[in-house]
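What follows is a group of structures, each given as structure tokens.
Here come two complexes built around chain A, the first alongside chain B, the second alongside chain C.
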Partner chain A sequence: MVTVYVPSQLRKYCRGATRFPIAADTVQSALGVLEREHAALYRNLCDETGALRGHLNVFVNADHMRDLDGIDTTLAPGDEVTIVPAVSGG
Partner chain B sequence: MADRVIVTIGTRKGVFVAEGARPRRRFELRGPFGPGIPVYATLIDTRGAPRIYASSCSPFFGMKLLRSNNLGKSFTETKSAPAFPKDDGRALANIWSLEAGKNRREILCGVEPASLFRSRDNGNSWAMVPGISNHEHARKWEPGGGGLCLHTIVRDGQRWHLAISTGGHYLSEDGGETFQAANTGVGAGFAPDPYPEFGQCVHKIARHDDAPGRLYMQNHGGWTHWSGPGGPRPDIGVLRSDDYGRSWRSIARGLPSDFGFPIVVHPQDADTVYVVPLEPETRTCPGGAPAVWRSENGGGSWRRLAQGFPRKRSYFTVLRDAMDIDRARTPALYMGTTTGQLWIGREGGEQWDCLFDSLPPIHNVKVAIA
Partner chain C sequence: MSGAEAERYSRQVRFAPIGAAGQEAIDRASVGVVGLGALGGVMAEQLARAGVGALRLIDRDLVEFSNLHRQTLYDESDARRRLPKAVAAERRLKRINSRTAIQATVDDLNGSNVEGWLEGLDLVMDGLDNFETRFVLNDACRKARIPWIYTAAVGSYGLVMPVVPDGPCLRCVVGNMPAAGSSPTCDTAGVIAPATAALASVAVAAALRRLTGRLAGGDVRLASIDVWSLRFQTLRPEAELRRACPLCEGGRFDYLHTEPVRAITMCGRNAVQLIPGSRSELDLDTLGRSLEVFGPVESNEFLLRCAAEGFELTLFRDGRAIVRGTEEPSVARAVYSRMVGS
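== the complex of A and B ==
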């Protein structure tokens, strides 16, 4: 199991949970689990084509997934997957 | 008897709702709802118990639709928002228009990239309208400055008029099943061919029930000094049709500029129409002096209405959906600016006063007496 951390803005889409465990071996498969089991949350993370929204960052433990293997980054039991909205806007 | 005037104000930072009594002397402001998130479309649906809808399109978390059943005292998200089918390949970038559909629970929604969606259950579920969304022209439309948006939906029974920037005007005569480009006389100042079949940057279309067949259009004007192929293209910005939108002719003569965004028709007089001319280069008030212009003869001549506006050093923009008019016997106009001011034009626009002067940039203003 890995742990997904949810940003404060999106906790209302998963009954207030700050984090929850899921079974996934890549970031891609983690998103697939969210699509099936937490559809309301998933729609905030990915658009209709399945692409991760442009202003969201996904960290695996302390590393941004773009510095690893992107959406194909592998996950090991005990990993922490953190969703962080970009610090941007005006 | 309905006695409250409700004004929805869609801004870059959420939606506000202003409420006032019929005399329209004072308004109470509520909001922002969906705080921090841009709102480009609102709808005050007065069929049955009034409902207010507002788009809420976050660049971070995607598209939502908000609904209020208590005249804007609170909003909740509908169960879903428009979304393209997974195998379509397009992804929703913004919601640009919301209009009441044929039946009481039906809502139409124009989006970016330019497509149309329909809900038959007050916005809780949505289906794409394929006649325009998958039109043979759809993949050839280009985005305008605001994006590739379907921003105007005008219903007249089985006849539907859509405006797309930049796609032009599309007409359906079978209740939205099929659409044809209907742009004869609508200029495209930015293209080598000044009168293409489609691809015009139409900014807004308005009509009145008392004048069947007549439509008014604010098109993308400002091409008087064009020096490219085909030469100058004056007066293509403000147009009128008298044949249900099949052909259009200029009514821009007499205006200080044929560039602008909104166009609004008087609720009791189909001959009275309002525009907000802007300088085409800066898209701000000509000479720094704001004014709304009114024609009382269907565009034959125009009169400047500026009583109450600053006389100089004022450079705001009024966007395509940021002006509306109420349906009182002597109506008032409501106009929002990109500098966050909400103005009321009492006595049909004769006297202007600023109701709220420090809101976020305003995209959208709608009014209803509920």
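== the complex of A and C ==
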């Protein structure tokens, strides 16, 4: 199991959940699980083509997904996947 | 530094990573603060107290009562008089540290004035409330090789990342400027003072590290902080991001040389029309739900309209907006940033 952390701005799309334990071996498959089980959240993560929305960054543990293998980054049990939206307020 | 001045900073100097040499570097430094709201106010105050030699401040907004729960530089008297934040901040900071040279400007920072405003600065603090100005600042600081500290907050959450000449920039991490309305603003989603104060403090710590020679490109981390759920993370934006960045790799200053949002005063109508430089279709359904915090939202398939704080905002699906209740473009931009985000 890996843990996917949901940022506060998107929790309204998954009944306030802060994290999900998910059985997935890549970032892509973790998003697939979210698409099936939390459709409203998924629609705010990915566009109609399935691409991650531009203002979102995904980190696997402390590393940016783009510094690893992108959406195909492999996940090991215990890994933490964190969705970090760009923030503009101040 | 006189004996009294040395005593004033003695506890900070005793902190080994700063020391006497670090304090002298802080004393020599000129630091800019863009935006003097909840983040920028805390930043400016902490930097003045730390003994920064010169502070250059810029903000386009006025103090309002809805600011006072988190914007710690201001009080009820400032809000009653609707003082410009830059003016109220300058007065307060001079009382905090009379030795720090303060230069305050009431204005909108944009592509036409940013390069002049940056001249001579060693570092810039981001106290902004919108992406539009941040992307201009990111371009201009990259061009002038001036470090800046990206800092942003909403709700109980926010991000801090130092942007230094040999490290990743905002565009490396965020990509192109997010579409208007794609992220919540402090006006739509709310914000609490513990979040803004914590994030501003983390940013000032990064500033002190930079000014004392202890923060280079390899040390850069993106700090993600939620003071309500107590989730604190430091994330590594590594070199790979820079290789795909149109600014760092391509040398394209896309936001510095274009006006992302054009403002046209609508004569005799007490309104300003805002036209985004690059059109992107707005998600009016999502925006309408966000704007309901201000009151009833009228909408049809082409537009939505709502009123707040004495202004009426009409948003069209193609990104255009009309802000009624002002003829000042900077006021209209501020209303748009607060209600829609940019």
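Here is the rule we use: the second predicted complex is superposed on the first by the 86 of 90 C-alpha atoms of A that agree within 3 Å, B and C clash if a C-alpha of one lies under 4 Å from a C-alpha of the other, contacts with A are read in each partner's own complex, and residues count from 1 in each chain.
FYI, contacts are C-beta pairs under 8 Å (C-beta built on N, C-alpha and C of every residue); 3 or more make two chains touch, one makes a residue touch a chain.
Since the structure is predicted, the reported quantities are computational estimates derived from the model, not experimental observations.
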{"item": "Which of chain B and chain C A:Phe59 touches, first, second, both or neither", "value": "second"}
{"item": "Partner chain(s) touched by A:Gln9 [first = chain B, second = chain C, both, neither]", "value": "both"}
{"item": "Partner chain in contact with A:Thr18 - chain B first, chain C second, else both or neither", "value": "second"}
{"item": "First (chain B), second (chain C), both or neither touched by A:Ala86", "value": "both"}
{"item": "Partner chain in contact with A:Gly50 - chain B first, chain C second, else both or neither", "value": "first"}
{"item": "Touched partner set for A:Ala76, first chain B, second chain C, both or neither", "value": "neither"}
{"item": "Touched partner set for A:Asp67, first chain B, second chain C, both or neither", "value": "second"}
{"item": "Comparison of chain B and chain C by chain A residues contacted", "value": "C"}
{"item": "Residues of chain A that lie at the interface with chain B and also at the interface with chain C", "value": "9, 53-55, 85-86, 89"}
{"item": "Residues of chain C that touch chain A when the two form their complex", "value": "35, 37-40, 126-131, 134, 151-159, 173-176, 178-179, 182-186, 189, 191, 196, 222, 224, 226, 228-229, 231, 233-241, 244, 341-342"}
{"item": "Complex interface listing, chain A residues touching chain B", "value": "9-10, 43-45, 47-51, 53-56, 85-86, 89"}
{"item": "Of all residues in chain B, those that touch chain A in their complex", "value": "59-62, 83-86, 88-92"}
{"item": "Chain C-touching residues of chain A, taken from the complex the two chains share", "value": "5, 7-9, 18, 53-55, 57, 59, 62-64, 66-67, 82, 84-90"}
